[in-house]
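Labels run A, B, C, D, E and F following the written order; every chain starts at residue 1.
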């Protein structure tokens, strides 16, 4: 199981944000992106998830039992700045939808909606509309989305923003469990996540040079 | 996919009833016309099918621009784009949900409005049938506009402008089929079949175009 | 009204619209190239632009 | 190796800088040729005598028809560029269809205005809702919509890609315009110059018409290239401004970090 | 206050040109009508005023629901609610900005559309005048709906449900005043004065109601 | 200059979130709210700012030169989870609008837009549309809003979410300056803000007992 990023470059608007970033992550490995505000962490994560078409380079996914030319995005869970949950629907309706819409990737199974809510410490309020939760509770529930459907790669953009200390340790434990099951984690963060063996990639932003195409 | 259909339907019912408002607007548009033309019943029944069709077209526009916008604002669109389902299929399902929530109620309400316009049974039946066949095309065309709107800071009206010119053929053939059913020499089938063909054409082109736009609007 | 009037109007309107278009394109071009020159003068230059003679080493 | 040479040639042309060089070399020539063609065309159109049936007003044809053709050709050029944007992601293609939209709107406006002016003496009314006229009007609205769309988005790359999709979807209107006179029976004249089975128009009208058509086409290409050049300059200016800001931002950010 | 007016105007011009787009939309709607009812110039000129009014109502409706929603979504509304300016005044200013950016261009464009609909000069003038007087009422009514919608997720549709029934009288008197100007026996003044009265009534009630709704929607 | 909160209780939906909270803050004093996710920090801040009608109790503002019955909200700046900036307008247009719309409270003056952007370390990109900034840059600019118009009380809801380390220290310095000028700061946060003399109020959420009104 391996995620390979080869010579990736990406633009935002017209400007090149980073250039020729390459790395490889095997099952059980994790990498943390750090760097100043605006240095391109979110941009890199979106490019790896296939949400932003890279200027050059590619992202390759390789595992047994899947096609060689599968889009890497299909093996990935993406947790962005926004939570991807509907305020009008209840938490369990939201999670249930994502569970069946995303579906499991070959090689694992997601937990049930109830268990996932339990795992992030909010099992008893899963019946509330999502819009009724506090900022931190919403973030936790967004994280629970990663548990209901199994995907080997987790791409996390500041997962711990707005979380209290106890929730941070819960998240760390969940991430470690995922790694121990052979998963891969790629996270951007400003606060240490508490992962021991994580590699670190420091984004430098425009220091790499902005080159206009015009 | 079924999950997506159910979710979208649930949202459209839960959040204040897209069906109701569309129908309400439809009724208003149709009800205002008699003020214009005066109480000339003959004239009313003559322009009836046209007015009903125009009303349906305009009501279909309301709400169309937000088809993908809400999903984008809360980040759901990102996750939808990442899945392996062919994107065009996802769009098709969303169109279906939108039509069930917004288009179908218009079709169901149209006989009532036909009565307002003093149309006879055949005309009412024909108009309803053409609406049933034609409104999905409006949704499919609208999906392209809605997908484009995703990249806009404020979608709204711009979408409708981009969409309306494309919707004109649907209107033309819908109306002429309805008339053909009543006026004798004109045969009903040819314009009706063209309408069916247009709907099928846009059922393919719409989702494909919308998928293309969504992929390219992403950032 | 005579036919001459319609002909004159047609040619007149066509000429007017074309001239507006031409002037707009022309003025736009002048404004842009002036902006570029100003930027150049203030020392900002494209990275991929060829460097002036003196800097080539 | 020949293939590589060809490839470099292509990428060279693709390069905006090369395009600018080329544009500045050929633009004066094109402008000159356009002027000459217009002079000849105008001379021919006023030298010939009028149609016995339509009277002198046939002279309106010499602007109306070329403008109408151009309004459709411009859209076709935009559609081709749109394919360039979507398939090859070529920045020059983005620039091309963005620059063409106002030109198309202007030519369509000329066609509409001269058509109306011709309609009044011929049909007795400025405007009728017949298929040809309305589909041209819809084309005009589509041009305006595309201009508005481009203005509404401030990321030019994204704007280009999104509007390409719409340009391609909207292309269905072009065959409708072209064949509307045959599909529906309308007041408007069916095609007589460009049609299968050869032209049916009298050669006294054909020559001035063709001359004017070529002149209008040259005008379009001249303006298109100039507008593309302007657009490239515009993007260059904003890219350089942003870069300057970014470089400065970098500096202060570093000092902030040191100070902390 | 001036700052708010300027900001809202700027937003409506900047974000895809509220004015331009509203007018374009209006034009498109009116241009679509002849496709439906057919190119019968007499009929067109008869239903002309009604169509122009419906088009204006629709274009006014389509952008209205977002009047406060955008401010709420990005949190600006919180800060606006906290200031000492009387809230009703703030709402009035926002309405004004909205009308200047979206309503006024419609009024200005209406004569052109009247020409398309083959209306005569008197009818065009009357329609324009009634639009000038009537569209502010639409904005004020819309403000109440938009304020109520702020508290609701996905307000859009619901707003229109609340707004439409209130807007119908405006439409009716606007249209009948326009007709009265052309058709001989009917006097122009009575419906027109009623229209003026409705506008003034809603100019007071609208901002007050909206302010009330906003205060209570806060959470 | 004094902000008094007297026996404040507030509901969210149907549930009482906290009850009878009272405290007083004088010029130069600051208070930090801590507590688990969903414990009611944001709710308290919104109640103090007058955005949420309290179930009982009141908030009183007292300073020389102002009416006795002035709404406390008028003396407050509120920085919530959301940034209150328009993505379509440039940063300086946004800040300029808030400067003139909010206006200065008697007793002080806001700095100019340029200086405020400079103070949060982003002076050079104030001409960009707000939507172009990265998450952390947006947060910084939202903070700059507090500087352009002078208000004695700053109410901050997780001001440092999404910020990098250098920005956090910049914020701390700005808050300290505000306190030293006699301002008052009330902040909810999960990370220490680095204020030495800040009082702390630990929210307990439902532990206080949920009392149904039925």
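What to note about this one:
Note that in this section contacts are C-beta pairs under 8 Å (C-beta built on N, C-alpha and C of every residue); 3 or more make two chains touch, one makes a residue touch a chain.
Here the structure is a predicted model, which means the values were calculated and not measured.
Annotation: the subunit A:subunit F pair of sequence copies touches via predominantly the same residues, more than half of the used numbers being shared. Placing every chain at the mean of its C-alpha atoms, the farthest one from subunit E is found to be A. When the CA atoms of subunit B are superposed on subunit E, the rotation angle comes to 175 degrees, reported as a multiple of 5.
The two chains most heavily joined by C-beta contacts are B-E.
Centre-to-centre separation of subunit D and subunit E, using mean CA positions: 35 Å. The distance from the centre of subunit A to the centre of subunit D, with each centre set as the mean of the Cα atoms, comes to 45 Å.
We define each chain's centre as the mean of its Cα atoms; on that basis subunit A and subunit C are separated by 48 Å. Touching of two or more other chains is recorded for residues 46 of subunit C. Residue positions of subunit A touching 2 or more other chains, listed in rising order: 12-13, 36, 38, 81, 87-88, 210, 212, 214.
Across the assembly, subunit E contributes 15-16, 21, 24, 28, 35, 38, 70, 73, 153-154 as residues in contact with two or more other chains.
Put simply, subunit D touches subunit E in their complex at residues 125, 127-130, 134, 137-138, 141, 144-145, 148-149, 151-153.
Listed in rising order, the residues of subunit E touching subunit D in the complex are 15-17, 20-21, 24, 27-28, 31, 34-35, 38-39, 41, 44, 115-116, 118. For subunit F in complex with subunit E, the touching residues are 12, 46, 49-53, 71, 73-74, 76, 78, 80-89, 93, 96-98, 100-103. Taken together, the subunit A residues at the contact with subunit F in this complex read 12-13, 35-39, 42, 81, 132-137, 139-140, 158, 161-167, 190-191. Every residue of subunit B that touches subunit E in the complex is listed here, in rising order: 11, 15-18, 20-22, 24-25, 28-29, 31-33, 35-38, 43, 47, 50-51, 53-54, 57-58, 61-63, 65-66, 70, 73, 152-154, 156-158, 160-161, 164-165, 167-168, 171-172, 175.
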